[in-house]
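Consider the two complexes below, in which subunit A is the common component and subunit B and subunit C are the respective partners.
Right, the complex of A and B next:
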């Protein structure tokens, strides 16, 4: 009671305060009621909200945290994936858990009959199982078609047939559409979102050949429906066109034309899409395409976005580059006149029409970006998701233009456009091209900013991209970034790539850090750590399948870095490894490496190590006089050592 | 490019006395190696010449020895390779065949190199090379003996010394060897200018490599702008002239399915808890927003609360107005009226069940009443 009274008092109190501050003569008691005459309060109409609107509004307030792994991964340092492989594995195992739960729910349905929730959540109840004995009628068939349950719908339909129950023509038509749409194959269940996200990774092959099942249920249903309606034709034509039974689909379209059956726009679209399978060269294709459009125009069919994209898809298969360009530029204004606004898929086709590997360079992407910059897109066509990966590919491989790439990236992060990035495969292509382009064109500092932003939570570079990054570092002599990159390489499991290892070593050896500058004072030590880490990694790798073997060059570089990092103890260990395993290690260390090692030995006052190095140099026919001279000057040698020195390089050099 | 280290040479010689006796060259060989031991290995280039010019025959035996050892190595390898078939074997074999193609080329060049190193005259070189190849590619002891008498002798030596050699594996053999790198061009101290020239050279090599790849071929640095493309301002096709009526899809089920598929194209794993909730809501796994107590309230939408509370009305037409049964039924009604978990219809059915129950038990009840005079029979008149 007390609280409610307080609440009731609250607005009055605040009004009173505002009025006293404005020093008017209104009294506090009537403040709420009194309003200036003529002021009209307009009550806005109620806006109907869908169940997910508030959730979406809330979700839009949560941005992407670049420092955290994706939400789908378990928030535990041990379980954060650090390689592309791990990302996939973890996500898929989570999905596998969902599948297992679902399996148990179906397998032990008797345990899930209770309904805890009130109102009940039907999704949690075991799903209906249809068997040969089930009591079925038309309504259950209708329900199943509504839900898109292909297998059960077909089963129920067969049961109805067996029992001699009539199925209405409308229901038969719906079933025909369902069967044609899925080619009588159960699709991947909708809820397996991760599986779909990673599907393209291993399923690279696109549908190239015919997959339509000839003489299967769809055609039986088609034969059963009498008289044939436009819908019947349309369903079968679209099904055949979708699963690339092209000849028969086209024949059926012609048959429908002869019988004066009025089809619809989407059916024509499906045929335009497969023109490239019907005709062999560009001129014939273009001719057929215009013919079909003429037919549509005669039948008073209004073309839509699907038509536009189908035409462009057809044009993109033209080998004749000039015809492709000119016809595309005729089609676009035509559809603008018709008031069809293009989707991202349209621009994707434009890009592949204009920017070809062997064709002349085209800056069409500039015009496209001028057209669509800052716009938000929703998915309207299946190919819409191809745009961003292709656009970035054009930016990198066709034009090599950093500014354009940034524009594309900006567009991707406008509104909900990120939904259209496609799947994990396209996303990684996008970022691969983006990073590779930036590391070729940006300064190393700017590039590293982007790198820090994207790696590792959004994108993990493949070894090829890592090499590009290393090349950039080499060109810029930015050796200070090497320790960071090396730790990334370890985490991403790139350490079994010999070329990358050599590259890292070469950068560190060739760019001797300047110890005077404070920013680089730590570097020799860090480089030595990297080298030591690499040495241990390679030694460990013997036991693994992907084996890396030492080369003389590699060991020489490691030796140099250890010496520079004042880790003489480890350096001599590495050297004794080189010395002992001469017959296993191909190649020899660089002479400079040995010289630096000998210098360090002199500093550490260990003549026998220096002499071992000299012995190695002599045995391997390397330039030894410099080393010998250094040893002779640097140490005061005892008799035994002197004798050894003499025996290695001969008397002659002492006389010099 | 292998040359035996002198000490190891001696060691090998002790292992193989038979070889040298048979060939009868032990003396000349040991003398040559002895001379090298004196100046502590052949390190300087001055020492090389006598070695190269050393009598041809001992060098030949060295080659033969190498032959033999290589031959025995092949044999042991074969034995270990003879294994049971395992899954993936066929694939592995195919890969190996590919590798061997490359390897055989290497073997050819290697054999040629050794031959050129060992032999001086052209015919010697050829012979050594063919022997080496016969040994290596003929896989072991089955190698055909060469035609010359010397080769026959070496073969005899090989068969004679085979028994002690079995244990001598490749690794043991190679351990003592040094890699001869004499032919390497002498690396000179690099000047700054040279370094720059070299790096420039390697840069251009890099770009060469780029151009070998067809994809990179099209990449041009600082490409000049090729002019903008007027995307929508061109000459239209001119097929659709008059305005056309908007018509829907004639296939309702198809369009529904394709819409669903399209939305899946843009679906991606939820990126935060709210998106997760959106997904669950769409999948029907959680109740929907806005919060509404009457959500999915289908059974009893049109049932008034009074039908839940006032249940006496169902008693009126059958229940006696007083007595134990009436009392019992009133208690049932009170209980039911407080139960929120069953529908009004269920409550009514529950009560009517009692009616039927008492109906069937009428006779027993009547008997009981007669035995108990205090209760009047009148009450069970229904």
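Right, the complex of A and C next:
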């Protein structure tokens, strides 16, 4: 940097000379051919840099670290979140702390009036408080509108009105725009990112009905502004359309049209977006859409990206698949001709138009990905953040194509595209679909690589996905992964799901590890540990709210695993639990479980345990002759034991 | 004082008297700081717990242990030495008070450019959720006060005894 600045100060000729001489010097020493005499080095012009360019360059050298939690969490084992619940709670409590501090600042404002920073930073000082008594004028209203402080702006406006001070039409117009934009409701402050990140899915659900405040300040302001300018109409129409007061918004648009008022493109876009609320069936919607577009062209309005996305949104609500498809295909080339380049939101709409659950299979996503692979996107439209979750959903549920999913994932991790993943809800949908697809289509080894990469810092599987993973393990008989998955399940708090527990047990019981192969020699022991852990977990859960109760099947599996893991002591403890509570536990253990237990008792030379097992089998109407025979052959029984055996299975059996 | 001997006799007493006056002006009490500050007295039962930081007296700074405040305010021509010291005191009081009975080490304050990083060791006596609340609160409120970004860099220990280096 320093050197280049010095160079710029020198006269041009001397730079050229000094550099050429040095280069000839270099070439002669190495003995290569001398550079041609006329060689001239072009020094590039200085590039203007912004103050944050160095920071951006530095930031581009570090990516997301898969081995560490997100940087909003504290890097300490105690403070690292280990379940989806914890991720949410921790981030939200940190923000709650922030809010508390802000409240203190506002409450004890006299303590925070010092000015340390130069220049002063407004955000660190307590905000201005406006009350009924404050001295206000037009300029303060203007300032508040500039800052987007809706509540204060409205208060000041009312004060001005009370005092009979005139407010200029321009200011009224900008206040109208502010009120319409937020529907006269204070929005969630921008600095609370976590709240946005975790809250958005709730908001979406409640946005189906009309929320526009009829007869409120916005309409009052609108009535006051005379003469009405196109901007006045535009503000009110857009506000009504945004908060789904559809009929009146459309009526207002028509009124503007009758009065020959020249509206702008974005106002038309907002009406096109709500066509589905205005008309009932596809044909009428499409007709209204074309009418509106014709009006736009009459008014010589140039459509933009918003228009394209609004039309596609309208089309995506068509129940008629064929009409939706053909009209979407008609719209796209027209906009291409107009030079409107589509955003991710456009592709999102295309996906939901073409890939419907009950429609024919469409491979439109292949073409989309070919078109946009390797491109970096920025936010251009509110719906841009819906693309990745939907694309992955299409890959899994519509096409079930692994290669496509990988392409989508690659696109997500290109440049800053990860910013467009949306919120926590969409992110988890994305990864849910991605993992589920991979575990259905990939080999278990490859899948586990991805699993290790994503879990637990980027994504924590929900119980449903855990079941998918277990299914894959079962199909591949990859019992060696079970201990690891089990420890994950414990950490993610999935141990109160009975179906998952049974699944884990079934996999371990059905796939008896081969002790001869060195890679599996540790497995019986590990499986026994898992089983014992599960047994303890279930016993503990009696005291918790989410209770899991033992079933005979479950206990039989645990018993088998403990026997196989050479933990006879614990096995007999589990068996005595089965034996004692046989009236409380639904179902019985499998016969094979009892047989293996008896087998182990023979090895351990404890006939009374074996006889207890036999007693249990007889009591519960299970096939007991095999066990009795094993006991008779395996032990040299004393009188008492023999008598017991006889009483259980009868004299006749022994004579055979 | 050797040079006094070479002076003429009549001059010597005068110079001596003068130097005695100077001495009493400059120094009126015994030097305590070298003996007491940053040092801990041995108890009779030998049960006073010391962390590693406390166990090393000040002359080991930069040898066995490090500074508790890191800033450049005392270098030549640098600004705000007094304010920085007072602010550090405030931060320490604020943290020990906000994280009440939870801090089990000294509070290290590092200033770089416009940010302040505060490091400490915290006892795991409250749930992580509450800890996150306090982290958010402390960072935000201190940054309102100092008017610059403040970051907490905490580590947690399960038990207070984990940081005890020795008992004296």
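The working rule: the second predicted complex is superposed on the first by the 599 of 656 C-alpha atoms of A that agree within 3 Å, B and C clash if a C-alpha of one lies under 4 Å from a C-alpha of the other, contacts with A are read in each partner's own complex, and residues count from 1 in each chain.
The rule we apply is simple: a contact is a pair of C-beta atoms (placed from the backbone, for glycine too) under 8 Å apart; a residue touches a chain by one contact, two chains touch by 3 or more.
It should be emphasised that the depicted structure is a prediction, and the values quoted were computed from it without experimental measurement.
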item	value
Overlay on subunit A: subunit C relative to subunit B, clash or fit	fit
Geometry of the superposed three-chain model: angle at subunit A (Cα centres of subunit B and subunit C, steps of 10 degrees)	80
Contacts of A:128 with subunit B and subunit C, given as first, second, both or neither	neither
Subunit A: partner with more touched residues, subunit B or subunit C	B
Subunit B versus subunit C as contact partner of A:86, first or second or both or neither	second
Touched partner set for A:70, first subunit B, second subunit C, both or neither	first
Partner chain in contact with A:619 - subunit B first, subunit C second, else both or neither	first
Touching partner for A:290 - first (subunit B), second (subunit C), both, neither	first
Touched partner set for A:96, first subunit B, second subunit C, both or neither	second
Superposition-derived minimum Cα distance between subunit C and subunit B (Å)	5
Those residues of subunit A which subunit B touches in one complex and subunit C touches in the other	91, 117, 121, 124
Touching residues (chain side subunit C, partner subunit A) in the complex	124, 128-141, 143-148, 152, 154-156, 158
Sites on subunit A touched by subunit B in the complex	49, 51-56, 58-59, 62, 64, 70-72, 91, 117, 119-124, 145, 148, 173-174, 177-178, 180-182, 190-191, 193-194, 196-197, 230-231, 234-235, 238, 263-266, 290, 293-294, 296-297, 300-303, 329-334, 336-338, 350, 354, 357-358, 360-364, 366-368, 371, 378-382, 384-385, 397-401, 419-423, 582-583, 588, 591, 618-623, 647-650
Of all residues in subunit B, those that touch subunit A in their complex	40, 43-44, 171, 174-175, 177-182, 184, 186-187, 214-216, 218-221, 223, 225-241, 244-247, 249-255, 257-258, 260-279, 281-290, 295-297
Contact footprint of subunit C on subunit A as seen in their complex	74, 76-79, 81, 86, 89-91, 93-98, 100-102, 104-105, 112, 115-117, 121, 124
